[in-house]
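Quick heads-up: structures coming right below.
Both complexes below contain chain A, partnered by chain B and then by chain C.
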Partner chain A sequence: MKLLLVSFSIGCLGALLSLVVSDRYRITVASLSIIAESILSAFASLNVIVDEKRYSFTATQVLPLFGIKLTFNSVNALFIFITSFLAVAIGIYQMGYGKHAVRAKISVFTFPIFITSMLLIPLAASVVTFMAAWELMAITSIILVLTDHKVNNKVGKATQWYSSMTHLGAALIFLGLVILVTATGHQQFSLIFANIGRVGTPEKCIAFFLIFLGFGSKAGIVPLHIWLPYAHPQAPSPMSAMMSGAMVNLGIYGIIRFDMMLLGRGANWWWIIVVAVGSITAIYGSLQCVLNSDLKQLLAYSTVDNVGLMVIGVGVSGLLISAGELKFASLVMMGVFFQLLAHSIFKGMLFLTAGAIQYNRNTLSIDMLGGLLKTLPTISICMLIGVGSISAIPPFSGFSSEFVLFEGLFQAVVHLSGINAVAILMGVTGFALAGGLTATAFIKTAGIALLGISRSPKNPPKTKIPFTMIAGTLMLAISCVFMGMFPNLILDILEKSTRTVFAKNLLNISGSFGSISITGMTSDIQVLILFCSSIIFILGIYGISKLFSLRKLRIVDSWGCGSNYSSLRTQYTATSFAGPLQKIFEDIVKPAHDIKSSHAEESKFYIKSVKYTYNFQDRIEMVIYDPIKRLILIWGKVTSNIQNGSVHRYIAFGFIGLLAVMVFLT
Partner chain B sequence: MKILDSFLSLFKAPLSKGISRPSNGYHFSTINKSLTLRHVDVGSCNGCEIEIASAFNPIYDAGRFGVALTASPRHADGLLVTGVVTQNMVDPLIKTFDATPNPKIVIACGDCAISGNLFKNGYGVKGPVSEVLNVDVSIMGCPPHPIDIVDTLRAIADPK
Partner chain C sequence: MSLFGSVTSLLQILFVLLMAPLLNGIMLKVKSRAERRVGPPILQTFYDLRKLFKKETLRSNNSTFIFTLAPLILISSTVVVIVVSPIITTGELFNGSGDLFAIVFILLIGSMSIALLGLDAATAFGGMGSSRAATITSLSEPALLVSVIALSVQAKSTNLSVIVLGNVHHVSWLLSPSHILAISALLIVIFAEAGRLPVDNPATHLELTMIYEAMILESSGENLALVKLSEFMRFTFLLCIASNLFFPFGIDSTKSWIFIGISCILLAIKLIFIVGLIALFETTQAKLRLFRVPELLAGAFVLAILATISGIVV
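Presenting the complex of A and B:
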């Protein structure tokens, strides 16, 4: 606990120091403080998880009236560990990246504070502490999104979306918690939990859904996901990696901490709705991910998709708890934790690779990239590992985590009946469909960006990527492979966190190197053997095709009707890859096409130029948010008639108000 | 079968020297009652084109023997070249040849394609098709009669 507090103070000190030092050293100081802070907190949290310790800390004088109350147990230690582990790599990465790419002084200052606030949130043990830390995170992350506001005109819109959504979420969470606080009369979580019987059922339901929506808006459940694809691409890469890898986790943390652990055993229809929302989120996110061709936006949508998977997991776990099947509930919960850990690391890494690509090529549009495997070999291999993880391919982390989660879901289907089983089947179906779509999306990303040749000769690659950027990315890539190869070690740790959620020892993990085996699961899975056999299979097919092929490979130009015309842009692009799927799902995602042609001055029969625009818009934004925006504008217009800025009128209002008060008082 | 003999003799005979001469790798056994050709006009007077069009019309109907013309060399079994090769068409002809999958057949249709006819040493003329590519089969005539075209294509499509 002390170690953790020391680490926080290092973070804040580093932030302050970065304001003082000269421009040259600013980013190094900030990054070093992030690294030191997160290494310390990672050790502290790992220690707590492994030894299953429990600490608490109270500082009455810090916040007025209520003071700060923190607890440190193996559930929130897991979240702290994930955040701090990611932050170590991002700190290393930022040393190289920030020197050229992060222009604003204030974001360099804010970043360590943002990380500190994210480490603080899971620790909070009372409503006031929690909301204070939550708001600190919200405000600092808004500043980070605003970093590039001078050069990029999209930042303004992104920030508007993000700040309104994040405050809407915070308001919902606050309302939900206030209901609990007023019903129980306590603001400390442990006391709320002890007196949860005093809360009536309707209040409980309202609190549940307010909290679910509030945290869901941070996690990015559909339809509250709208800010993710705006805000994540606009922040500089280390910051967006942190937002997508760690901040989103806190949304899931909130759902687990408050909806599951605080409210206790709930009604099953709550969790059925959660599963339904989760599967819609997963499918919608992965679908948008397939169709998008902006690298960072695509990754943001893939975060939505992964959040959907986790929400399905949390929902099924809750359903199992309400049915009393605690053993399988904890299996699913362990899957959710594993998915959280795996997702943070591979998504963080993918954002870092996206940053490196942007640094090198100055563009993020996949349609403009190509041939990165040759120009950026290390970054490309990291990206391939990330893509393998996210598409759940055997030796990488995503496979192991999704396997455990899937196993848990299947167990849930077997052990539940009636509407519960149907709900879980729906979740499983959503999970499977989302998995397939995600794989397609990332085959597209890797295939188009890494292979072929560059599609934009106008953007020549910059000279070199700094060593620290590669080192940070590589660290995450190695841990992705490690988590996939040694899932048992990870599961051992996660099992301890799960035990704390359920306050019971329910699972038994055995097995060794490269395999997953949990008692209660139908089968063991040998990740390493699966990997080796798939490699042998691929090599075998390659060998056989080499052995029996009589034809020699002939390399000729692509067919251009005999003419000499050929362009780099005639390569297959990300948009064309997604074309068939876009046709299939046209009713759900409808990109706007527009062809504009301008004529020559002499005659309108001569065409000077043809401009084709392909505008990709989120359907949910158009259907749900645009009317709301219009309503708000109308409301603003109406109220501006009353409040038109005239001092005379305001004095008149004051007079009328005073009169009214006097009339009412008498 | 006179024509078949004539082209077989051409196939065996050593060909006159030209620029790059890639091997066509063509075997008669590879085609069985289905022959798809890409027509390349490398400098024809359009006489041959009219006769080729007639060969595929309802009267002569080469299609009933499994012969078809295609728009893309990627789908073709070979090239049906008409006209004397002009300088500007050397490159496109080679590109079309390259774009056709192996094994492939090159058919020179009409006297200009076979020998250059009266354009032989003309301005901007490279020469007959055999200067550029290995010619497997020739169809004589200026222009060749549709019956001759159909007969030759049929003989290739169904050598039995």
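Presenting the complex of A and C:
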């Protein structure tokens, strides 16, 4: 615990120091403080998880009236570990990236504080502490999104979306917690839990859904996901990696911590709704992801998709708890934790690779990229690893996590009956559809961006990628492979956190080294051995085919369909790759096409030029948010008639108001 | 790691390796006969593969290491699923790893690597093929995953060996509505995954309709041979799994050498029967338009969901 507090102060000190030092060292100081802070907190949290310790800390002087209350146990230590592990790599990456790409002084200063606030949130043990840390995170992250507002005009809109959604979420969470506080009379979480019986059923339901929606807006459940594709792409890459990799986790943390652990076993229809929302989120997120062709926006949508999977998991776990199947509930919960961990790391890494690509090629549009495997080999291989992870193929981390989650869902299908089982099938549907679409989305991303040749007609001046950027990305890539090949080590750690959630020892990690095997699961997949044997197969088959073949190899042009191969524009682009899927799902996504052709003057049979525009917008934004925006505007117009700025009028209003109050009082 | 396990794993690989080109030859023969043609000899596929291995390999100057690696990954992922699955015996080497979920995702490695191969050489056809194949994969994958659950519900296990053994011991499971619906979903998915009619026509190089052939258009020589061979092996593997799930009798569960021999012969007969039926079926079919394929796959998805529901209810 002390170690953790020390690490926080290092972070804040580094932030302050970065304000004073000269421009040259600013980013290095800030990054080094991030690295030091996160290494310390990673060790502290790992220690707490492994030894299953429990600490608490109270500082009455810090916040007036209420003071700060923190607890540190193996559940929130897991979240702290994920955040700080990611932050180490991002700190390293930022040292190289920030020198040229992050110009704003204030963002450099804010980033360590943002990370500190994210480490602080899971620790909070009382409502006031929690809300204070939550607001700190909200404000600092808004500043980070605003970093590039001078050079990029999209930032303004993104910040508007982000700040309104994040405050809406905070308000919902606060309302939900206030209901619990007023009903129990305590604001410390442990005391709320002890007195949860005093909360009536309707209040419980309202609090449950307020908290779910509030945290859901941070995690990005549909239809509250709308800010992710705006805000994540606009922040500089290290920051968007942190937001997509770690901040959305805190949304899931909130749902687990408050809805599941604090409100206890609830009605099953709560969780059925959670599963349904999760499944819609997963499907919608992956569909948008497959159709998008902006690298960072696509990644943001894929975060929505992964959040959907986790929400499905949380919902199914809740259903199993309310049905009394604790063993399988904890299996599913472990799957959720694994998915959380795996997702943070591969998504963080993919954002870092996106940042490196932007740094090198000055564009994020996949339609303009191509052939990066030749020019940026290390970053591209990292990206391929990320793609493997996110598509859940062995031996990468995503496979292990999704396998545990899938087994959990399967056991839930087998062990529940009636409406609950149907609800779980809904979750399975979401899981399955999202899985297929995600794989396609990332075949597209990797295939178009990394292979072929560059689709951009003019090549921008090549900037060399600093070593630290590659090192940070590589660190995360290696951990993706590690988590995939040695899942038993990860499961050992996750099992301890799961045990704390359920306050019971329910699962047993029994498998041998490099395998996934948990009691309650029916298979024991030896990822490591399978991987090694497939390497042997690859080498063997390569050898054999070399023996049999003529060993002749000729390098030629690609086939140009009978004519000379020339144009780079004949290649498929990201948009055309997703063309068939876009046509299939046209009814859902409704993209706007427009073809304008201008004719030659002599005759309209001769076409001079054709302009094709294709506009692809989030449909939910159009259907749900645009009417709301319009209503707000109308409301603003109506009220502006009343408030026209004339002082006389305001005095009159004041007079009438006073009169009304007096009449009312007498 | 027992001797028996190791030898049977090798036997399974050999069995599929030899059966795959043979079955393709038989299919071509049956199809030709049904169309009143003489058709190529049954062993023609072997000759074709040998010819491809002997040919010079051309490689595009735009391509990367993916160009060589992708066919190798494709074939080795196929070999891995063959090793972990119960094909001629349920007592294979990596018994615990033969999980249906894992098999689905190991097969996905192959599909992904071959889709990347299509995009590697920067040609329009490669991209077209990859895009279409990825579209089909993205729609068949969900149906496959849900039918995995449907097939596993009765045995309460996602482990393929356990499911097959369960089917051997409980004959009533085989005729339950859940099982039949799940198998029909699985069959549709197999047709889509293996690129057979009515989803894709392996015998055509017509540019507007080809899917799989477009992806591998740039490959030649030994690369093409490996891709072709693994394509046949994947199809054979999927048919083996389908036949073991639908009609498992004859599969060895006693771990004795005699039974393994019998099991090999029986499985070969079953496979020949199945491909004969498929060939006859394909002669009556025309290829679907690409945008009709989703309807077929959505049908498979619904069948799989229905199968799961009836599995839970009954």
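In this text, the second predicted complex is superposed on the first by the 609 of 666 C-alpha atoms of A that agree within 3 Å, B and C clash if a C-alpha of one lies under 4 Å from a C-alpha of the other, contacts with A are read in each partner's own complex, and residues count from 1 in each chain.
The working rule: contacts are C-beta pairs under 8 Å (C-beta built on N, C-alpha and C of every residue); 3 or more make two chains touch, one makes a residue touch a chain.
Keep in mind that what you see is a predicted model, and the values were worked out from it rather than measured.
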First (chain B), second (chain C), both or neither touched by A:562: first
Which superposed partner A:554 touches (first chain B, second chain C, both, neither): both
Touching partner for A:282 - first (chain B), second (chain C), both, neither: neither
First (chain B), second (chain C), both or neither touched by A:422: second
Greater residue coverage of chain A in the superposed arrangement, chain B or chain C: C
First (chain B), second (chain C), both or neither touched by A:393: second
Touched partner set for A:444, first chain B, second chain C, both or neither: second
First (chain B), second (chain C), both or neither touched by A:410: second
Chain B and chain C contact sites that coincide on chain A, given as residue numbers: 554, 556-557, 559-560
Chain A - residues contacting chain C, complex: 290, 370-371, 373-374, 388, 391-394, 399, 403, 406-407, 409-410, 413-414, 417, 421-422, 425, 428-429, 431-433, 435-437, 439-440, 443-444, 446-448, 451-453, 515, 517, 522-526, 529-530, 533-534, 537-538, 541-542, 545-546, 548-550, 552-561, 565, 568, 570-572, 576-581, 583-584
Interfacial residue positions of chain C with respect to chain A in the complex: 53-64, 66, 69, 72-73, 75-77, 79-80, 83-84, 94, 96-99, 101-102, 105-106, 108-109, 111-112, 115-116, 118-128, 130-132, 134-135, 137-143, 145-146, 149, 152-153, 156-159, 162, 217-218, 221-222, 225-226, 290-291, 294, 301, 305, 308-309, 312
Chain A residues within the chain B interface of the complex: 551, 554, 556-557, 559-560, 562-564
Residue ranges of chain B in contact with chain A within the complex: 40, 72-74, 91-93, 95-96, 98-99, 102
